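Presented sequentially are two complexes of chain A, the first with chain B as partner and the second with chain C.
Now for the complex of A and B:
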């Protein structure tokens, strides 16, 4: 029923505006309130959850701070470190316990491909994407906090652009968010700050599609009434 | 007791003990026959009083066809350490348990059994410790193969 609402609403004049507005509101709030799961399996967790959460980098300024101990309250899983074969069913279980929408960032060489344990080892899962779908890969061994923020920025961009209540259950393609040369922490945080300020105001009439719909809505309003 | 005096005293107790080269702690190598009695002397003799089994593991010398059991002993009374190495056959490995001397050895021997497949005589509870119960094979053996293992390309 809920899935059919966009199809019903869009048939009415101005319904598309409503849907896209709801989309942008939902996406902005999802992207800016990512709650990560407190889940670290190896040394990447020191960079990803502790260094970025501490006061020097301070992930909390960008709406991704509230580290949850319970999977049912979290919607971002940061796979920080190698996943061994004994851990794999538990990771899958944790992922399935998380409520939709849920996002996964794989950080570091180990969770992307197995890292230094890739060859001749009996215990490693060769990349966490063998067991759960991954949205953003952040390479490094371990990645610096800058690289992680870069990946977080990529994920936020993915959420803002990619999702629509018209097409629920559509997953975006995963992206590799490797930090380009010469990007510093200040650049990333400035970009995040700019995006946050930009997203504070949801301007309905801005996108091209909305402009068309606004025009049609105005025409419809101007139409003489068919009532006698 | 310093290293030299310790090794001399041990050779007095067990004439079959030989000094083991290539270690950074005092180390001896003894035959597996009489291992339990030898370790009991090391624990109970007031000159040694090795009351703490720091670590117990094994080494796979596949080229020689041997396993080497390694006991790292520490004396909280005297503060000296000793490494005891025991060579056993790789084909039919069997070792006496020392879990009646040091209770921690029970889990350490379970770990060695789990990863090397060395069964211990008279062990009270010899089950796998880390791996799943239905795991086949012993992954720290040098010739272990697994369908999930990736071979390093040459």
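Now for the complex of A and C:
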């Protein structure tokens, strides 16, 4: 545990002293003792909250096994399943009831973007990030428990690197946990925007110059009229 | 006969306290939409007198995604994946329900291999679903050990599904005219190994939890649902059978390979929570019997009678077919106008919706702690109620 905290360990005859910052101590403690809220609406709840909490995949290996029924005792909301419009105000309320600092993992396609109900459904919320801020996205339908653990580890890393007590509300950008860590949604969006712009911006005049039919058209236009 | 419909606002108005000095004020308590017992998002409004429940008003709709409306834009093959998300603990059976209705409507004939694989997968899923219910009932009543045991064994079936189908929960496996993938060569061997393992395990469950005095005290004579009331409410599945009505579509109108196998329908005598508990425990054993008889007699043949791109045209008309899922009768109604590839109207008669209203009949007179027992013994899956 002490090895993971950035700082200097100085050995003394009677033991050792750790010189570090308060931020890293607090963040390390927060990251390793997450208390999730048992908040499942749909299929993902079976995989995310039940299967991960059970004996085969053991969530307590990551220090997050204390699943609470009450929002006031929890600081991690695992949004497992679709959120619909009737539920949306309640989700916001639950989020606001949670103890600060609070974190959100959106698991499964439904809570990321609406999933299979994205089109043609009149009652779905297209992603839980329309209502509450999300820290980590875990894609899948439903994700495997291992994928969820990967997301949990990503969140722990975010917490360890992220917040400072001097700047309490400033967080790292949300992370898509199926990708290598460190790539934020902004990076992905930026890259996609760059690619789209690169491919979509076409210089019509320049590209038309190179075509064979342009040359033929010009030749044809230069010709005097062959009509009698 | 006139029926007066009471609105939710009207129901939630507390009645005035009586004039007597001994009369008490009734009050309301919300259970849900976020409550650990709901296992989903279900709001139960309890009208209480002290701790005694006077009335339960279920308010569903917190996971309503409009699946039936969505189906009107999709063709019969595309409906299948949405039915996974109805009752996700019996996904294969839901798929089969739609596939069966479509096959009936479009006159598609399947072969013995397809039907056997479907039956085997359904029964495996029934065991898996009942195991989860058993563990969760234990967890709800405070026996966390049961949950750990159930998930240990459930994981084996999940892995079996993952090998064959590629998914652990939402399978999308059965489709009109066949199944998605063929079984692997070592599937039969693995299932036999599983059955050999499960036999003593189910007995272990009995010694672990069923005989427990606290469990017996909390289940026996609590929430008695008599057969007539259960039929009137439209309950199906283990909830109805525990009340002594032996309605099981696998026996009544055999589909798949259920006509060829021997099995008994587990029926309760009284209709209390204990009967519902033991009916399901017995169903696990009967499902194992069915698998045991079928596993060696899987006929040869293709696993799809239709090409993947073949257009399924449903002639004009209304079609209804039903299937026995782990929680009761899933009815699928398709209305087709005969022109467009997607159905004009789809309706699912979901088992949990009707089973939910048993709470309103069972709960009055019991304490809040008994509501937990009653709701857990009904084995509700909320997304199936809301659709």
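Everything below uses one rule, namely that the second predicted complex is superposed on the first by the 158 of 228 C-alpha atoms of A that agree within 3 Å, B and C clash if a C-alpha of one lies under 4 Å from a C-alpha of the other, contacts with A are read in each partner's own complex, and residues count from 1 in each chain.
Here is the rule we use: a residue touches a chain if its C-beta (ideal position, glycine included) is under 8 Å from a C-beta of that chain, and two chains touch if they have at least 3 such contacts.
All values reported here derive from a predicted model rather than from experimental measurement.
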{"item": "First (chain B), second (chain C), both or neither touched by A:123", "value": "both"}
{"item": "Contacts of A:50 with chain B and chain C, given as first, second, both or neither", "value": "second"}
{"item": "When both partners are placed on the shared chain, which of chain B and chain C touches more of chain A", "value": "C"}
{"item": "Touching partner for A:86 - first (chain B), second (chain C), both, neither", "value": "both"}
{"item": "Which superposed partner A:42 touches (first chain B, second chain C, both, neither)", "value": "second"}
{"item": "Doubly contacted chain A residues - partners chain C and chain B", "value": "86, 119-123"}
{"item": "Complex contacts: residues of chain B adjacent to chain A", "value": "130-132, 139, 144, 146, 148-152"}
{"item": "Residues on chain C engaged by chain A in the complex (per definition of touch)", "value": "33-36, 39-41, 61-67, 69-70, 73-74, 81-82, 84-85, 88-89, 132, 135-136, 147-152, 155, 158, 168-170, 382-383"}
{"item": "Contact footprint of chain C on chain A as seen in their complex", "value": "38-43, 45-47, 50-51, 54-56, 69, 71, 81-82, 84, 86-87, 90, 94, 116-117, 119-124, 141-142, 144"}
{"item": "Of all residues in chain A, those that touch chain B in their complex", "value": "85-86, 114, 118-123, 126"}
